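Both of the next two complexes hold chain A, though its partner changes from chain B to chain C.
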Partner chain A sequence: MTLLLQALINGLMTGALIAVPAIGFSAIFAVLRYPNFAIASYATIGAFVAWWANAGLGLPIVPALAIAFAVTGVVGVVAEEISLKRLRDNGALIVAIASIALNLVLENIVRFIFGNDMKGYDLPLARDLRFGELRIGPQQLQSLALAAIIMAAMFLFLRYTRFGKAMRAVADNPDLARLKGIDPARIAIVTVFLGAGLSGVGGVLIGLDTSIDPLTGYRVLLSVFAAAVLGGLGSIPGAVVGALALGVAEELALIVTPATYRTAVGFVAILIMLTFRPRGILGERAA
Partner chain B sequence: MTEFLTDRRTLLGGAAALAGLAALPKFALAQGAPIRIGTLTPLTGSGGPYGPLMVKAVKAVVDEVNAAGGVLGRKVELISEDDQTNPEAGVRAARKLIDVDKVSAILGTWASSVTTAVAPLCWESKTFLCTTSGADSITLLPHQGYLVRTQPNTKLQGRKFGEFALAQGAKRVFVLSPQTPFAQSQFESMTAIVKAAGGETAMLIYDDKKPAYRSEIDEALRFKPDAIVLGGYTPDTSVILKDLFRAGFSGTKLAFGYSVNQKLLDSVPADVAEKTFILSPSPAEGSKAYERLVKLIGVASPDPYTTQIYDHINLVLMAIALAGDSSGTAVKDNIRKVSQAPGGTKIDNAIDGFKAIAAKQAVDYDGASGPCDFTEIGDISDSKFRYEQVQSGKIALVKIA
Partner chain C sequence: MLSYVIFTLTLCGIYALLALSLNLIWGGVGLVNLGLAGFFAVGAYASAIATGAGAPVLIGWAAALIVGAVLGLVVTFATLRLRDDYLAIVTLGFAEVIRLVALNERWLTKGSDGISGIKAPLKAELGLQGFSVFYLGLVTLIVLVVWALLRRLDLSPYGRAMKAIREDQQLAAFAGKTVLRFKLQAFALSAAIAALSGALYAHFQSYISPDHFQPLITIYIFLAVTAGGVGRPSGAVLGAYLVVIFLEATRFATEWLPGLQPVQIAAMREMMIGLALILVLHLRPQGIMPERIPKAPRQPSPTA
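Take a look at the complex of A and B:
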């Protein structure tokens, strides 16, 4: 029982880490209709920008997160305008492939600027809190809380602001939205800014838990993609549900299968989902 | 008219040169062609911290040899490729070195997975391969002699880990390792030692691309280990050390020198790696070759891989000099004649080696990484180990034995 509960807790923690970039991935997919694999490098860039703000400038983690969000958002928009935008008319597959190339370019720019070595945030590491046999990390709780706040903010933004509503309108039906006078180009820029920024924040949260290097984002790309597919591509609450479900599934799988097969859980989840329910848990469109 | 004359002169000159070239005997033509040697080291990926210095060491030797007139009157040309600590990238780079650059030897493959993937390309093309990988399986490949390694094999390493854990009073030893070609054989030889002393061992193979290892650590702690052996590379080991710290593990931690290093210590909070023991095959500190290497590259204490690749290049160039031929087969047939000739003159660098060879003396090279004597299948027959411990955030030497 303790075993199951501990796995559940661990799963929710890792799930919450994946959820934030998965929201970014899903938002971009919902509005622009292509899977942007460059979010892996956005996560890495966010992690390094926050590291620079934290270890370099000595800022606490929340302002560092805000800076990471803003910088990564801007990088995302610039990269999009320079490279991916002009390919959008050629279909989702072309843009998806180009985003893989973009990812490589950005990852190597990070390498060029920050070097190839591992880096860690300048924060003390806390011992786990113990509740009987169960262990919970204060840092993981903090990351979980940050993730929850970010998800709530995203939800409120989409629900109650003009821009959020416009984004949802474009996601729902771009032609109708255009008829209603919504400028898809502006919406696209804001969406990419948010999506890239959130990926950057996700990178920071992952970095807080581990260490960062130029491959930080790349290592979680599959999990993020799996979470988004699982939850329903393009659905933002779906990305959250998918990420938590994937996190829990991966940890529970450890009880019955060797730890080496952890990544396989993500693949199997994608496979099962695409076979039986292509729209995902919460997705509305059959993609 | 003048212009025509110039043209004609050039033409005549060119024709004469061509005729002259054609008239030269074949060996004279070859004399101009450089001897090409490739390095295939990790410049990026998990091994990224080591590759650049390794290449620097080889380049320093090559520059020195070229300044002294080269080998067999030919310049040595160095071509360096990055294996990205990734077998697939390693194979691509090795193909380029073999097919395009036509190198005589490839030096310095580091990760066992890369070496295992690259080795068949080498022996099939009769290119000599020198490696710093430790997996036992590597020298068991049907390499027909086209491979030597300077890293002690895993059986030897596993035995040393087991003996050291026992010496620390550990009876229950748990091994946490990613999937590597050496995890299993290392664990087996460790287990043999620990079981013989009445202890118990267990192992967990994890996926090294995950952001957290909390559940893996839970499983390890359920074994109630006295000592945990960390078998991973630097990025995953830093995460595991953090998770062990969070979980409050207070037993003995043993790790490899290639994963717990200054770079790791710089990237984790101070307490996390404290008291971790670090085991690594030891370079021959204080030996003449070691001192020379230090001076040559200007690094106070070069890591084991740098000392090893320094020995690779010296050995390969001496083998070429002895053979009078730069082919991979010539290197294969002569490498043991320069590394361990019985009663040979003790040599610690290639240039002295060339002189001894020219004087028809037998050569016994003792390098910066150790004696460099190879067994039939290409393993080194002897090596010292270095035991260190993280103390107050610094790596402190415990002993070399």
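Take a look at the complex of A and C:
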């Protein structure tokens, strides 16, 4: 029983971390209609920018997160405008392939600058909190709180701001949105900024848990995709639900399979979901 | 130097088969396989394990073909009714799972140590030099045969039906084409070719490990097919040769740069691959050998 409860808690925690980049991926998918593989490198870039701010400049985690968000957002917009924008008319698959190439380029820029070695954030060591038999790390708790705040901010942004409403309008029906005077090019830029920035923040949160290296983002890419597909491609609440479900599924799977097969759980989850409920838990594209 | 050229040309042939495999489904029915490296690995391991258990090399290659085709069917089955970007995500996951299995199931794959001493056909009879020339000839011959068959397929009614599905699957279905069956068949055949390519690679190297099947290979092949020309088997083959030569050229180019760490040189080379793919997609998306749409055969007029 304790084992199950612990797995549930751990799963919700890792799920919440995956949810942040998954929201970014889903936002880009909902508005621009292509799966952006470059979010893996955005997560890595975010993790390294925050590491530089934290371990290099000595900043605490929250300002480091804010810097990582801004820098990755800008990198995402610049990369998108240069390399992907003109390809959008050629169909989702071509942009997806180009985004894989873009991911390779950005990932290797990080590798060129920082090398392949693992790096850790400068954090105080803290003892696990104990609740009876259950254990929770304070660092995980902090990350969970940060993830929750970021998600809440994203929902408020989508619901109440002009840009948020415009994004939802474009996601819902691009032609109608244009007719209503929404400029799709500007919405695209805002969406990519947010999507890349959130991926970057997600990379930091994941990096806080262990250490970071140039493949940090790539390693969670499949989990992010799985979360988005589970929740329903393009749905932002779906990305959160999908990520939490995936996190719990991964932790429960750990009880029966070796830890090395963790990423395979996402793959199996995608396959099962697509077979029985192809539109995902919350249905496709309802940002 | 000569053995380096022979080695490179053999690798060109192996990549050409992978490019033909991708071109068959991407240029054919308009699906993509982001798990090419996974199918490549499956073929390599299938043949290495079969021949390691005592089977002749040809049986090993047949095993690779069959295992590849079956896994291709399994992977496509869940996504066929969905939009094509789902297949992209699922195939990517498939390649990752294959890599995990290769790393962890030591009883089958020897894990990260890899399988060594894979049978090299006729090596004892021909000697080292003779073997590499023979194997180059064999790989090139297989590329030619597969190319010729796929080219025939491309120009046949079957090929035209595939391209109709690529352009507009609803219209194709309306015209009476069984879209799902075409997609399954094309993907299974394509996966089998990728697996055969892996088997050829395993017996060429005599040693395979999970490190040999990085997702990077998939990107190489996408570059090859895009550069050569999507939808045309000759383009895929040409593209593969160009990409391997480009890869080898970056090896020499980076040696000229002074004061760089090995990891930086490796990063530069991978960056160049990514940049090349983006540039090709922007500047010449139709490739060097653009697809030719053959005229529809003339219907015999009813009066004749």
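FYI, the second predicted complex is superposed on the first by the 282 of 287 C-alpha atoms of A that agree within 3 Å, B and C clash if a C-alpha of one lies under 4 Å from a C-alpha of the other, contacts with A are read in each partner's own complex, and residues count from 1 in each chain.
Everything that follows uses one rule, which is that a residue touches a chain if its C-beta (ideal position, glycine included) is under 8 Å from a C-beta of that chain, and two chains touch if they have at least 3 such contacts.
All values derive from a computational prediction rather than experimental measurement.
*Asks:* Kindly say whether there is room for both chain B and chain C on chain A in the superposition, answering fit or clash.
*Replies:* clash
*Asks:* Scan A:N116 for contacts with chain B and chain C and give back first, second, both or neither.
*Replies:* both
*Asks:* Would you check which partner chain A:D209 touches, where first means chain B only, second means chain C only, and both and neither mean what they say?
*Replies:* first
*Asks:* Once the structures are superposed on A, label A:R127 by its partner contacts, choosing first (chain B), second (chain C), both or neither.
*Replies:* After superposition on chain A, A:R127 lies in contact with chain B alone.
*Asks:* Touching A:A98, do we find chain B (first), chain C (second), both, or neither?
*Replies:* A:A98 sits against chain C, while chain B stays out of touch.
*Asks:* According to the stated criteria, A:I189 is in contact with first (chain B), second (chain C), both, or neither; which is it?
*Replies:* neither
*Asks:* Considering only touches as defined above, state whether A:L274 meets chain B (first), chain C (second), both or neither.
*Replies:* Only chain C is touched by A:L274; chain B is not.
*Asks:* So in the superposed three-chain picture, is A:R86 touching just chain B, just chain C, both, or none of them (first/second/both/neither)?
*Replies:* Only chain C; A:R86 stays clear of chain B.
*Asks:* Mind working out whether A:T260 is in touch with chain B, chain C, both or neither, as first, second, both or neither?
*Replies:* The answer is both, since A:T260 touches chain B and chain C.
*Asks:* In the superposed arrangement, which partner chain does A:Y34 touch: chain B (first), chain C (second), both, or neither?
*Replies:* Touch status of A:Y34: second partner only.
*Asks:* Tell me which stretch of chain C runs into chain B once the two are superposed: 76-84, 112-120 or 184-192.
*Replies:* So the stretch of chain C colliding with chain B after superposition is 112-120.
*Asks:* Considering only the contact definition stated at the top, list the common interface residues of chain A for chain B and chain C.
*Replies:* 111, 116, 258, 260-261, 263
*Asks:* Applying the document's contact rule, which stretches of chain C touch chain A when the two form their complex?
*Replies:* Listed in rising order, the residues are 30, 32, 34, 78-79, 81-82, 84-86, 88-90, 92-94, 96-97, 100, 103-104, 216, 219, 222-223, 226, 261, 263-264, 266-268, 270-271, 273-275, 277-278, 281-282, 285.
*Asks:* Spell out the residues on chain B that touch chain A in their complex, using ranges where they run on.
*Replies:* Within the complex, chain B touches chain A at residues 44, 48-49, 179, 204-207, 209-212, 214-216, 218-219, 234-235, 238-239, 242, 245-248, 263-264, 266-269, 271-272.
*Asks:* Tell me, which parts of chain A touch chain B in their complex?
*Replies:* Its residues touching chain B are 3, 6-7, 10, 13-14, 17-18, 111, 116-120, 123-128, 135, 137, 139, 206, 209-211, 213, 215, 219-220, 251, 254, 258-263.
*Asks:* Considering the complex alone, what residue numbers of chain A touch chain C?
*Replies:* Touch list, chain A to chain C: 34-35, 83, 86-87, 90, 92-94, 96-98, 100-105, 107-109, 111-112, 115-116, 221-222, 225-226, 229, 233, 258, 260-261, 263-264, 266-267, 270-271, 274-275, 278.
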